[in-house]
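Both complexes shown next keep chain A, but they swap its partner, so chain B is in the first and chain C is in the second.
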Partner chain A sequence: MSTDLQTLLQEAEELAFDIDSSYVKAWKEKTGGLAIGYLPIYVPRELLHAQGCLPVGVLGAGDNLEIIRGDAYYQSYICHLPRSVIELGLTGRLDCMDGMLFPAICDVIRNLSGMWKMMAPEKLSRYLDVPQNFDPETGGLFYRHELEELSADLVKLGARPLTDEALRASIEVYNRHRVAVQSLYRLRQDEPWKVPSSELYLILRAGVILPVEEHLEMMASYEAAVRADTTRKPMDQARVLLTGSFCEQPPLGLIKTLERSGCYIVDDDLIQVHRWILSSIPTEGDPLDNLVQAFLSDTIDSPTRYIDDGVKGAELVQRVKDSRAEGLLFCAPSFCDPALLDQPMAVTAVEKAGIPWTSFLFSENTGQFQVIREQAGTFADSIKLWS
Partner chain B sequence: MDANKKLILGGIDIGSSMAKVVIMEDDGKGGEKILAKGFERLRRREPAEVATQLYDLLLTQAGLQRDDVDYLATTGEGECVPFRTGHFYGMTTHARGAHFLDAEARAALDIGALHTRAVIFDEKAKVLTYKMTSQCASGSGQFLENISRYLGVTLEEIGPLSLEADDPESCSSICAVLAETDVINMVSRGISIPNILGGIHQSMAGRYIKLLNAAKASGVVMVTGGLASDVGMCSAIAAMSDEAKNPLEIRRHEDSVLAGAIGAALWGGFRVRKLAEKGLSLQAGS
Partner chain C sequence: MSKNQMTPDVQKDSSQLKQKQMIAEHYTRLAKAPDTGEKNAYTFVPGNLTELLRSFDLLPVLPEINALQSSMRGKSREYIAIAEKLGHSEDVCTYVKCDLGMMKSGNVGPTGERLPDPDLLLLSYTGCFTFMKWFEILREEYDAPVAMLHVPYQGDGVITDSMRKYVVDQLKTKVIPVMEKVSGKSYDEDRLKEMLTRSAKAEDDLVAVLESGKNTPSPIDAYFGGVYYIGPIFTAFRGTQDAVDYYEALRSEIDERVRLGKGPVTPEGEMKEEKYRIVVEGPPNWTSFRKFWKMFSDEGAVVVTSSYTKVGGVYDNGFRHDPDRPLESLAEYCMGCYTNLTLPSRVDMLAKYVEDYNADGLLINSIKSCNSFSAGQLMILREVEKRTGKPGGFIESDLVDPRYFSAANIKNRLESWFQMIQQRRDG
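Moving on to the complex of A and B:
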């Protein structure tokens, strides 16, 4: 792993947009292990890691692949991510995946899991259902059963059986990973000029491809490099929180555009798998129960998760306060049901709290940012001059 | 920071064809003046380099160094200047610049090389609304630049020549491609250059008046941006406005072309004082 900042960022970018799965193929050749792809937002990577598998985030092809056959699978009012995942699959770019997990995000991803079963009947294709009832005796038991079934499926593929000892070790390494991610987020909150979001995004996106141990090294190298870089000086930018981009990811150009138009992104929903579980998971006791319990009671308040009407948006307001953001950018993918159905309730909460906001839509392959640039630029101006 | 502290401010406005730079002083008592000013055509050179060289030259002219500047603000494509303190969007800066050049102005008509914007603002130069031309190039300075090449005249000659028109020839106001074809036809029909340019100015002015009306402009309108230096253009807009149902008072200033840079610099000063109220500071030029 390189320690030079520019080389490090170049490595991260190559990994982040490795649509040909070159890294995964090389890893499999080197280790003989199984690669398990997963869609956003969250899968329990600790479990896959404990069974010797490489969890690989499948975040779509962004603006790096022309969609030719993927469009035939979805209506025009469906988001872009599943089209590019289909395209990646049909062009053989995901053939190296021994299995694919489709976590419960929305109906579109559920349908994608069904399509995948038909497209690749010989491969493991599993819809990972997650509880919306957070009572340990109900949702907890259900989720544990899901994880046990997943674990058994992996064994059938050739993975090693799950042991408490291995799972504890995996939880421990992912706990360190959570701490490292939080450290970068805190550094960005305190000194956003040192950690541009366009860089942090690349570093985090590389982390859904790399094995966790290597990604820990990458994050440590990046943090050390930016802390030591004295050429990065503060600028007068508006501090904003970017929300809504938890599933389909915005193109890198959009993040750069927002920063160039005068915004410091001090918190976001990007690559949420790294931050889904909020704090360290205990390693004592039954580790599988601990994994389940963390999912039930210690996660981000995502739109894909059931939240009572009364508190919808409250967590977002709290995040604005915690990150000392001066405004909020609702930046959701076009046709993203979870993000856009929640937005009115979130807007009600942020307006009640007196937080300035604006909203716009994107697709992972959006190539023109002029309108967003104008909108974000004038929003930043209004915060700097009139808030 | 002392609320009455004198501030040195820099403003850089990078457009698609020109970089405009001002160095200003804000005396802290409501007095603001330009210490040095200038603009430079980009001519396919790196915009940030052109702007930086001009900025350093103007600082020298003003007897200042980069470290003396309290806030260097950029606008337009000025995000490419790495040592800026902050960046403001074009609408915001042209409103402030127009207000500085004429305190009675309540609208700015910013005519740039690629776009034209009508910006409506209040007595504090706070933007209330705006309208922008679509992507069609016929309402922009780039179109006029192309025409000047066809006619073999320099950009500086366009305005005075247009004022000599005695029978302006009308041309397409819808499409740059059609308008350019019109111009070629006019040349082959022997129409004089002043009448061709006068007709083009009228055609463009008609679009601008529609834009101002759509933005609900009223009262004094300050023409800003690169084409504000074109006297023929400003004259055509004023004449067109006089004929309209709700006439506007179209004005220009010798520094109109610098309005974006001026507005950026002044908003920079506003930010320095605002940040100081919160106990924060930012040093420009580092």
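Moving on to the complex of A and C:
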């Protein structure tokens, strides 16, 4: 690995696990802008960007923070992510956020929005309700109104008002970002040995902290470096799609373990905010409407989203085909309702399609990977044996 | 056997008999539906659209109620095991798994007769994301049309015009057209208004019954007894004359208990001495319902009010179904149910309950299955303690999974909590 690549990955790792929010604090000092934290999975970052705010993904502290007080807020049967978010909050590590957004994806994050209101009454804490009705005249109008309210809240905090011109420019830059992320995903699909998932993960996670423009540069440098790296050679690994980890993120060690156990991860649900909207959002016409329309009709089929006329699991099966995966790893956080309630339906669909699969649970601070390593290794071996 | 038939000595008043008869008739109609041609809709308790369904002559079937009744009949362990064998995780809501297991075992309802397959799956999605997944699972099992009503959450503690409009628009464009198609009948607003008028009447009486807990002694137990009182209005009967009659009878019986200064009726008979007045947050455990209740009644603890009796409507804050604004008021009803309230609103409400009902403190029964209720409850407890100065209690159990009911543990915790209350009183 070249020194440049090493430096880049080190920088990405520091950003990805910057639990002290050092980067955000420095950014605020430099720009005087507002930092707005958001929980998984998706918020319309284009809107925040257009108003001059820095959208900051709050994806949990992983295995980088000892939970001392957060556990006193949650019973043992609730997933780990909210504990570490509370811990980050109680230890002052999120004080630099001028506001926090809690997207409507599950009851835990929903209730956390109210807890945040009580913990930080002086700060903006907003539940971002998203429609489960995808008719533009119904769910679309509702969502547009939610976005207008959010925008007004940001203005109250001191952000600049939203203009069509600024929003168009932000959509454009995020369109470029989507293309760049897709390019990395495609490269990993084509030559997974060139783009180890443990690296891609760091690069993408850094992108929930960095301003989009800087992240574009980081992705471009990374792509150029790995394309140029001739030392990376194909190995006899099984191609797998990793699913279920769309909210609480697996520890980096788990991703590395999967790779070491003989898997090439060729598609995944990690850091999904970057890929939630599937294609470029048009910039002509009313840009806010375009943002709304993209949410209604051009997003991935997440377990958190009601599948109206579609067939459950069909999109997952298609992703397996598109990524030429040979097997599927269901890798959900323990106690994650949306992932675990969805899984049996997804299993039915993948079995019908004849796709091999296996499943295991994790928590963001899982430290022992031996069992998963053996399971994934056996799975990879069986795929290679029968393929 | 229905939950009411399970506990014949809980309440022997005419309201009790009336409720038993209503439930029996309802299940008989459902069982005979394949022959009579009556149509049904599977739907949920919180924020349900009973009046609207009934205005189309669609009979409601409520999977949560089936699950809890399966549990009271001792069936839930087996049903949950069936679902888990099919690949459903140990970590998710046991109502879902119990319902699925029941379906896989022949869909036999509480009266021992087979429930009909759904003619409509009405996913009214209020206050809990699991509902959405539950109906996706049911949709895989049945070949029935689905109407989805997405009810926005009161994230800022208020219902805005945009939220109301969103729900009303869905009623008009999604829900009503599907109901028309399934029932073969046109939307009849006058009929709906008549039902809403009856709902409001029954709601008045229900509030009077629930607020009787402010008396000392309280004539009711508003948690264990409360689940019977909310039964008809939260389930299949809101908007019917039967519900009006039931609540009228219940109210007059409770008024009489107040007049006579009587305490609540428990499985062990009438409670003689009211030693502790408590507020309970969270659903009850159904697998050991009587044993659980006895742990309270043995100690002279009366639940004077509870949040669980508000999952199908927080009527004591003044909300009533309004025949003059039929769809708007249905929308407000859906959005106003307890689990659709944000945590600060829940804290306000519970702290106010502790004060208004002159209670000794708040007890939380934290349910493993239910993130909607449970996530954040430890913070609720601390906040309510802080505001009221009264000690809080915390126990854990599950709805219908007997593996998560540890009687000894719960009893110990309750006893220490009661002791703490006593010590505070003694100064």
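The rule is simple: the second predicted complex is superposed on the first by the 380 of 387 C-alpha atoms of A that agree within 3 Å, B and C clash if a C-alpha of one lies under 4 Å from a C-alpha of the other, contacts with A are read in each partner's own complex, and residues count from 1 in each chain.
Just so we're on the same page, a residue touches a chain if its C-beta (ideal position, glycine included) is under 8 Å from a C-beta of that chain, and two chains touch if they have at least 3 such contacts.
Model, not experiment: these values are computed from the prediction.
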Looking at chain A, does chain C or chain B touch more of its residues? C
Touching partner for A:Ser183 - first (chain B), second (chain C), both, neither: neither
Return first, second, both or neither, reflecting whether A:Phe142 touches chain B, chain C, both chains, or no partner chain. second
Is A:Gln318 touching anything from chain B or chain C once the two structures are fitted on A? First, second, both or neither. neither
Quick check for you: in the superposed arrangement, does A:Lys233 touch first (chain B), second (chain C), both or neither? first
Look at A:Asp381 in the shared chain and tell me whether it touches chain B only, chain C only, both, or neither; answer first, second, both or neither. first
Identify the partner contact of A:Thr304: answer first if only chain B is touched, second if only chain C is, both if each is, neither if none is. second
Touching residues (chain side chain A, partner chain B) in the complex: 233-237, 260-262, 374, 377-378, 380-381, 384-386
Footprint of chain C on chain A - complex, ascending: 72-75, 77-78, 82, 102, 104-108, 110-115, 117-118, 126-127, 129, 131-133, 135, 137-139, 141-142, 145-146, 303-304, 306-308, 312, 334-338, 340-345, 347-348, 361
Across the complex, what residues on chain C touch chain A? 86-89, 91-93, 96, 125, 128-130, 132-134, 136-137, 139-140, 148, 150, 152-153, 155-156, 160, 162-163, 165-166, 169-170, 173-174, 342-347, 366, 368, 371-372, 374-379, 383, 396
Touching chain A in the complex: which residues of chain B? 71, 79, 83-89, 91-92, 126-127, 267-268, 270-271, 274-275, 282, 286
